[in-house]
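Letters A, B, C and D name the chains as they come in the text, with residue numbers starting at 1 for each one.
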């Protein structure tokens, strides 16, 4: 059974024969292995071109920024999964990645769409600030959360967001997306009645889109970064297990209120 | 209900308060973001220390080498999953990672255990070659596959394996694991009756273990690298979908031979 | 760090002590095991009450109807995953379930929301048909697919949908949701210009909602049913493997059109 | 690239054309939907034949027995995943299934292999008890856990195991596997020095193998049963969320003992 129109029957990422592997038009062994960094390779895989030094520095900064933040839900799900299924490290990593969703790590992508909407609106608005106000009002009117702002722990400001904007300025890639992100931060308190500082998921699209990284691949950044963190946690779980401590503590925090 | 002894109640990876996030003893924002590469960060997360330049170069080389090799099964599973469930990129990435198992990408870890066994045996053997022969014979006697050797496409040699060993020599980290890997390659044809060249999953543990990367975290390397490749394929799938072309071709290749 | 308000700290599904396990207010061992069917148990777990015979029959019918339809994408992803990672059956099942998304098996839930919208609209419309027309027009105007109608193979009608509606009438549970589903099928050709017959994902919410099954748990029905099918396919994969045949056929159907 | 020999190019589970879907040789719509229970269908999918009433009753009993046991690790991982990624119910189910591994729910399959080993040994042993002793000694000598015995909560006996054996006797399917399971329970204290009662994962293979269910599909039973439970928990999570309560409690139970 054919599902959908199937008009595309090609892929432009890689081809190979017995002697040679070509990735994005480069000979993998002759031109890439040992010559470029993994971050260069990520950029190449995603965009088809190698990054310039500023682009590489910004992508490195975002991957370092979002990789690790302690025993967050996705890390706990991953460690519990390894404790229950130690034969499959890949399953524990997958369980952790499944928690990179719209509420937690996926906010980087939704924030990217928000920034894009503000910039598009600014083209027909008297000012960036008015465009930001209009778009944020549409979100709050539709009871949609404003992605990329506010954090349960870093309430007054998210130090990672500040540092990422700084790196972007140092690298000279800062531009309209960072301006849009700051404009939103500026107008938010007046609209929502509470200060909501830009968080790391707001800063990541700001600095990456300014550096030329594609919007549709934004969600891959926290997923890739978190994978690195999961591997570290799963190595620790193999040597100093806490997976069942976590689940015992979780279960103990919940009462049963059903029929007896 | 408490499962297991629960003697460990600690983690040494990260801690944070409202102003500061500490990762492996470093201030994430002041010392890491914008100052180190993602590959440095991976090494830091996994081992607790930053790599030296040679270690970083070897880890970069392995991540670049194993990331992408066209429409392999894990990539196809991932693209089909996104075609069926476009609302959850993380689910499509997870589906791809679940195919990093013992037969395909997980061979890097099993090959690491093989190399370790040969080196341990060499301590009580007349020569490395004899140690390699003995260990490989134990594998074949037990009908276990010898992980890290032979490839369905790169039959005479895997160009990625060659290049990785070269990078390791260039970086000056080459040592006993690479020697063990070569010894196995040397004795294999005499034992199995067919030439089985070292593949990328044999070379990765050789160069990483020589560089000081921990054995138990080996499986994380192909998983992390493949995640980057999956993100590129899923970006392509969003813009030039082939997921249902793949499944249509797959189904067409299989006959029904059950009752009618 | 506390994420969200955390006002709920209770679960009403199960509690236990050393001698007794209580599920939804019943003693699992004394009242349920050996006394009720698995389908009864599913209904009990989801709703808190045991089904009457008509409800059980309808739930059985939907689970049987949606479980298996050959080498669909989720089955292929699952079988490829087992071929690559035979050590983890649970990983292969998970890979298959990840393909139960909005485009393929998840349509049962979105169709449930569509039926609900038509019924709600009918309360303020001159007729059910006008309500169906209005709601479908809103979908097509917003370029949203109309979930539950049309099938790539069963073009003139989906025999499973017909049979499910028949079972619902036999069981005496048929009601307004089935009427709404038929009203949509009736008005669709006039709006879209092409005949789109109700498919199994349109019939499942119709008969289940009429039987009193909760809307928010609809998506669980195809997931549970498909899990049964995946287990059968994975047993076959262990004994007569085709996972790599599928991936070889898939890769062969795609050209490389990138740089060389 | 072709991986493996690819000698099999067929599947015997299902075929279809525009009008008819055939599952295991039956017309799905004419013979199965509305006529058989989901449990019948599971047996048919897995074995190719419909079960007799005794077989159906035993399979129903095992599925009911293993589906739900409160906030176990897999349920917590699943609920945390939905809290973080509410857009993808299938991802939360998959995260829960990934925790059906060798340590927790997968024990049913390993216990099946244990029972099979005892029965095979009994053919060349003076008695079943001696066969059980020999096989269990081999496990403990190799420091392998003896799967299917002992439980962290149900220490003196697992009420589900008792009830399953009782149902098997009521159904008249009890036989050599149940005898082997009881023989192991009898000899275990003398070998390990502690009483280890048969748990639900020991009783499931005993009663299912006696009823004619295939050994290689045993692991599917807890996975399928747990999927039903996950769907109930995820419905509760949508209406009374506790996912982030669980993760907060888990994180609070763990100290940071790394560098500062």
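In the analysis below, a contact is a pair of C-beta atoms (placed from the backbone, for glycine too) under 8 Å apart; a residue touches a chain by one contact, two chains touch by 3 or more.
Small disclaimer: the values here were computed from a predicted structure and weren't measured.
As for how the two copies chain B and chain C face one another, over half of their interface residue numbers coincide.
Counting C-beta pairs in contact across A-B and across A-D gives the higher total for A-B. Centre to centre, using the average C-alpha position, chain B and chain D are separated by 30 Å. Centres computed as Cα averages put chain A at a distance of 36 Å from chain D. Averaged Cα coordinates give chain A a centre that lies 23 Å from the centre of chain B.
Within chain D, contacts with two or more other chains are made by residues 1-4, 9-16, 70-71, 73, 83, 85, 87-88, 90-91, 94-95, 98-101, 104, 106, 153, 242, 244-245, 247-248, 251, 253-254, 256. Taken together, the chain C residues at the contact with chain D in this complex read 1-4, 6, 8-21, 23, 28-30, 32-34, 36-39, 41-42, 45-46, 57, 59-61, 63-65, 67-71, 83, 88-91, 93-95, 97-101, 106, 109, 153-156, 159-160, 162-164, 166-167, 170, 214, 216-217, 219-220, 223-225, 227-229, 231-236, 238-242, 244-245, 247-248, 251. Contacts from chain C toward chain A in the complex involve residues 1-4, 9-15, 22, 24-25, 48, 70, 73, 85, 87-88, 90-91, 94, 104, 152-153, 253-260.
Contacts from chain B toward chain C in the complex involve residues 1, 16, 70-74, 76-77, 80-81, 83-88, 91-92, 94-95, 98-106, 242-254, 256.
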